[in-house]
Amino acid sequence: MRELTFGEAIDKAIEDAMARDASIVLCGEDVPLLRPALYARFGADRVLAAPISEAAFLGAAAGAAMAGLRPVVELYMVDFVAVALDALLNHAAKLASFSDGDWSCPLLLRAPCGGGYGDGGQHGQTLWGMLASIPGLTVVVPSTPADAYGLTTTALAHDGPVVLLEPKLLSAEWLEFLGRGGRETMTFDVPAEGARGAVAQAGEDGAAVPFGAAAVRRAGSDVTICSLAVGVHRALQAAERLGAEGVSCEVIDLRSLRPLDVETVVASLRKTGRLVVVDEDYREYGLSGELAAVALEAKLTPRFARVCVEDTLPYARERELAALPNVARICSAASALMA
Amino acid sequence: MQTHGLAELYRQMGRARAFELAVERLWRRGLISGEMHLGTGEEAVAAGVVTQLRAGDGLALTHRCSPALVVRGVPLVPMLREMLGQSDGLCGGRAGHMHLSSREHLVACSGIVGASLPRAAGFALAAKRLREGAVGVAFAGDGAMNQGMALETLNLAVAWSLPLLVVCIDNGWAITTRAGSVTAGELGARAEAFGWTVARADGLEVEEVQRAASELLARCRKGKGPALLHVTCPRIDGHFLGDPLLEQSRHLTGSAAKQTLGRVMSAAVSSGGGGALQRAASMVKMVGTMAKARRETGRGDRKDPLRVAHQAVKRAGGAVDVIDAEVEAEIASAVERALAGIEVRDA
Amino acid sequence: MRELTFGEAIDKAIEDAMARDASIVLCGEDVPLLRPALYARFGADRVLAAPISEAAFLGAAAGAAMAGLRPVVELYMVDFVAVALDALLNHAAKLASFSDGDWSCPLLLRAPCGGGYGDGGQHGQTLWGMLASIPGLTVVVPSTPADAYGLTTTALAHDGPVVLLEPKLLSAEWLEFLGRGGRETMTFDVPAEGARGAVAQAGEDGAAVPFGAAAVRRAGSDVTICSLAVGVHRALQAAERLGAEGVSCEVIDLRSLRPLDVETVVASLRKTGRLVVVDEDYREYGLSGELAAVALEAKLTPRFARVCVEDTLPYARERELAALPNVARICSAASALMA
Amino acid sequence: MQTHGLAELYRQMGRARAFELAVERLWRRGLISGEMHLGTGEEAVAAGVVTQLRAGDGLALTHRCSPALVVRGVPLVPMLREMLGQSDGLCGGRAGHMHLSSREHLVACSGIVGASLPRAAGFALAAKRLREGAVGVAFAGDGAMNQGMALETLNLAVAWSLPLLVVCIDNGWAITTRAGSVTAGELGARAEAFGWTVARADGLEVEEVQRAASELLARCRKGKGPALLHVTCPRIDGHFLGDPLLEQSRHLTGSAAKQTLGRVMSAAVSSGGGGALQRAASMVKMVGTMAKARRETGRGDRKDPLRVAHQAVKRAGGAVDVIDAEVEAEIASAVERALAGIEVRDA
């Protein structure tokens, strides 16, 4: 065990895996200076600076994954996946199916996501619902350094394409780079447990976190709050506050959107009969709906509310914070379900 | 790499052609579904290039993929059974003809225009790390060279100094659009501007293609960066089987052509819209496109690469008839085996 | 009123609108010969053949829409939107928000969608859930020639970006082009009422179909079947069959995914208490989930089932037909809810 | 189009610079959030090109947009209030500095690298139909020229013969990457291969930029197809404010630089990984990049375009001091008005 930041945990997991497995290469814009430790240790053959050509280098990575490498691709932000989606949707994710399971595409796409630092609507999206809608793709989003290490480790041993998103608000490195820029004058509402924490060493128990396994972060009996990434921490805070008001919340950190841990969600709903989805992605056609479907498919009929992003994220700080799932919105959603 | 003698090249071309004709028959019988893009006309490109590949080279193909697959040695029966939608097909019946792949041969097709370039760049990257001297090869149409990821790859492959050969098969068409009408500059010159080594070859001359491919591949294998082979060739069977452009331009007095013409004429005389000149210009262009389609090389024409090769082999005293018979027997037998156990609905 | 095919109805709506409004231009690959009537009537200035550069011409269309034109963009298939998604996601759909409502992007994207004719997994997707998840975008999918005309007409007068998908199985022109290719030997399970039907003339009642208004195609009291596109016809067939077994189905044709007609869905569910979603899109993170959420948000707790596409569409005809929502699957899903 | 006298160009450059410096102060005070990409160093490009635009021309900008906006005459107070996140800002506080737009001025920014090219192509298409003689103009970084949609636009604009001017602002950098290291060929030559008219200018010389822009724009306005203006200029304030590359390379002995170095060194000596040579090569490259950043032109340096213009105006006997004072007053007043009613947290 050691204490790492969220970003360090992912870096370390990649570094450990690269040391073990010579077929892992890393590519992306600026990676030599973004990941200087990896560049220094593994050299320019395995840490490749890419031009601003996401479609080509993601597509090439998918090709390389077919031909024996295990590429890790960094996108500057998940928002930019829109220029390169074809490589995921029509190629990486479909290869196993097209080859009847004979061929797989072990590709890890790492991308920062999410808002909360005032960078505007083209730079604060999460888009995980959109990505998780693609059969053949694994989509995971850690909320702690331990999971960041664990899910990255699992991804780097996995045989198919994986998208791992890195919430910028939890990642001190990204937040400093994109949000603070050395200023003492900016404040961010960073969940401390998400940003820094104990991380298992390679090989230790918990060093790999399986896909499709949610974590119950807090047990409760009145309301199930399902979330991931920053939302988990907001939910925990809300649960604390609600607890003081006599409402007992169970907080589930989904961690993995595809595959989704239906069992854990259903078991909790069976107990509470109430579901609040806290989702930093857009409200419609995404995770919140999927969880509603999961509940109904399990013949459960929870009272239900969703706390999501409803429109393009506004730039102005206060309005952005109001548009993101926050403690106040979660509390009032959960309280309304108790009424 | 040894170059292959003309007779062997001709045999490969014949196999590719015969395979396509067999596929066409199956498709017409309704045993193969969806769009069917025959590679008739591309045989010299497929034979000239693919015979120069080694084990470990990766090959990324397009929607028009069978000639290269046949030459690459992908087994014919599984390939046909895949097209026939059988669960023992090459890809379990899940892929179909546009998404054929063989891990063993490191070859895969894609129906997304332009995607073969980044994919082959990835093959090249893997080759560089894992199989020194191996290359990635992309086949791509002329139209594909306008796709963003293809253009990006022109840059990426130089930046990463990839052992990548792109074979641009310029048949002058993208579906109903003449390449020149929406393509700026010359494709080879484009690649040269990015620092690629470029060679051009006539897709009617298989030995010329082979020579060019062989030289470029040698460069790539030596780590001298990416290369483009720009080959022109005819599109013998239109964009795909049943291509209405081809049908209508060949049967200008047929009912389909008449119907289209009727619709067009009535629109052209509707009030509101462009001026008379613009309307006339549209008509002229449409008719011009149809005329071009009508004049396109047909099977067995003087400019059919198979015929060109056939005559060359003959001139050189090769046993053309023996080769033809062997090829025909091979394909016939493959088709027969592929159809085994399939209930033929039209029988 | 006149009888038109589905494809003719869209073409005609575009032609009528182009005749009225000189700011409408059309661009896309092959449009001169794909839309010869438009090309002949409006000329090459307004019907622009595009290179295979979807990102550039969709992006350019979005720019042109900002500068006074009303572009109609044709994509060869919705599957290919993956190479050009940025123009929709980060530009067209966000402009109104970024300009605080001052600037809009009147762009119509028309694209064929869906399977059922054996073209394989990169050419049979619908992706409408993914598109409908984007705030700022309107997404509509007609199921009849009348709606095809009506929704296209509305789109061409609308001030924001609209995606209109054209189910290939309903569109005789596309089906002939991509599926039949002049063969008598191929058969397709084409819903006749979807492929050809009466269409209002411009200016007549019903010539414009509003966004966000579902249509109840069949009234019923036991089960609500929500669908769109080809699925509506499958649902109607299933409802017929189920009716014979004594199960009364209400069939709702959503027509518009974004905005979604929540009222009509909720009113039906209030009556039936059972919901089957028939969706030719992927099951997870899409429409079926969204409708579950809509139900739960309305405090309804229907019995629920979804009949969707669960994985990359297989090529083999029989397997494709089994993977698509079909009458048998709908019947058994609905029957199970009655049990 | 009239060309503008040097003094006026200098004034515009001064306005752009003063605006950026004001923005920097607000940003440092925490009144502006997010990434802040200053356009310091680009003033001669902005002034040289944008002064040549007319009403009806459309302008598509990038993440580094304020100099062009200031020169275009977008009102400063609403722009500042937008950056300050106020609901009476230029875009109601919803856009922020990366997504500024003004419908009235037909100008819009985007944070998506490369997106300015297709957008401006659309402006050009609309101009062609609706405003004869008007053009679309895209500003784009050197790095942006590798983005698929940008490359596609090189083709599209010729295919559609668009009145499009692309101004490639080549500052030699894309964040921490040296343009040359991932960019193949020469950017102007690329465009030429697509049939573009290309001019090159030194971004230190505003009159040279203006001349080139004016000539290219005249061509575009006459319907002679797209043109590229390739201008080199310094990147004075790094990629964005607080750029760690700039900070660390300027303070090689500071704690941040030491910390980075520590991490790198410990990784470089970890067992497992590349060979000694590869590791050394990495270190050399990293240090080289830092050295390049350290040597980049700074504000007021000999190669600061503002200083160059300042001296040129002075040499020509222009009233530099008067202009400076006027500019300073204008910006100061704009900032003061923009801050009205805003509770300044750091006061």
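The first chain written gets the first letter, and so on, giving A, B, C and D; residue counts start at 1 in each chain.
Keep in mind that, in the parts below, a contact is a pair of C-beta atoms (placed from the backbone, for glycine too) under 8 Å apart; a residue touches a chain by one contact, two chains touch by 3 or more.
All values derive from a computational prediction rather than experimental measurement.
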Exercise. Measuring centre to centre, with centres taken as mean CA positions, what chain is farthest from chain A?
Worked result: B
Seminar exercise, completed: When A-D and A-B are ranked by contacting C-beta pairs, first comes A-D
Seminar exercise, completed: Chain-centre distance (mean CA atoms) for chain A and chain C, in whole Å, is 31
Exercise. Measuring from the mean C-alpha position of chain C to the mean C-alpha position of chain D, what distance in angstrom results?
Worked result: 41
Seminar exercise, completed: Residue numbers in chain A touching two or more further chains are 45-46, 49-51, 53, 55-56, 79-80, 82-83, 86, 90, 94, 97-98, 121-122, 312, 314
Exercise. Which chain B residues reach two or more other chains?
Worked result: 91, 93-95, 99, 110, 112, 146-149, 152, 155, 159, 181-183
Exercise. Chain B touches which residues of chain C in the complex?
Worked result: 15, 18-20, 29-30, 32-34, 36-47, 49-56, 79-80, 82-83, 117-123, 176-183, 185-187, 312, 314-319
Exercise. Inside the complex, what are the residues of chain C that reach chain D?
Worked result: 23, 25, 45-46, 48-51, 53, 55-69, 71, 83-84, 86-87, 90-91, 94-95, 97-103
Seminar exercise, completed: chain D contacts chain A in the complex at 27-30, 33-36, 82, 85-87, 91, 93-99, 110-114, 143-144, 146-149, 174-177, 181-183, 240-245, 247, 260, 263-268, 270, 272-275, 278-279, 281-283, 285-286, 289, 345-346
For this session: Would you mind writing out the residues of chain B in touch with chain A in their complex?
Result: 58, 60, 91-95, 99, 101, 103, 106, 108, 110, 112, 115, 117-123, 125-127, 129-131, 136, 148-149, 152-153, 155-156, 159-160
Problem set entry | Interface residues, chain B side, partner chain D - complex | 146-149, 151-152, 154-155, 157-159, 181-186, 189-190, 192-195
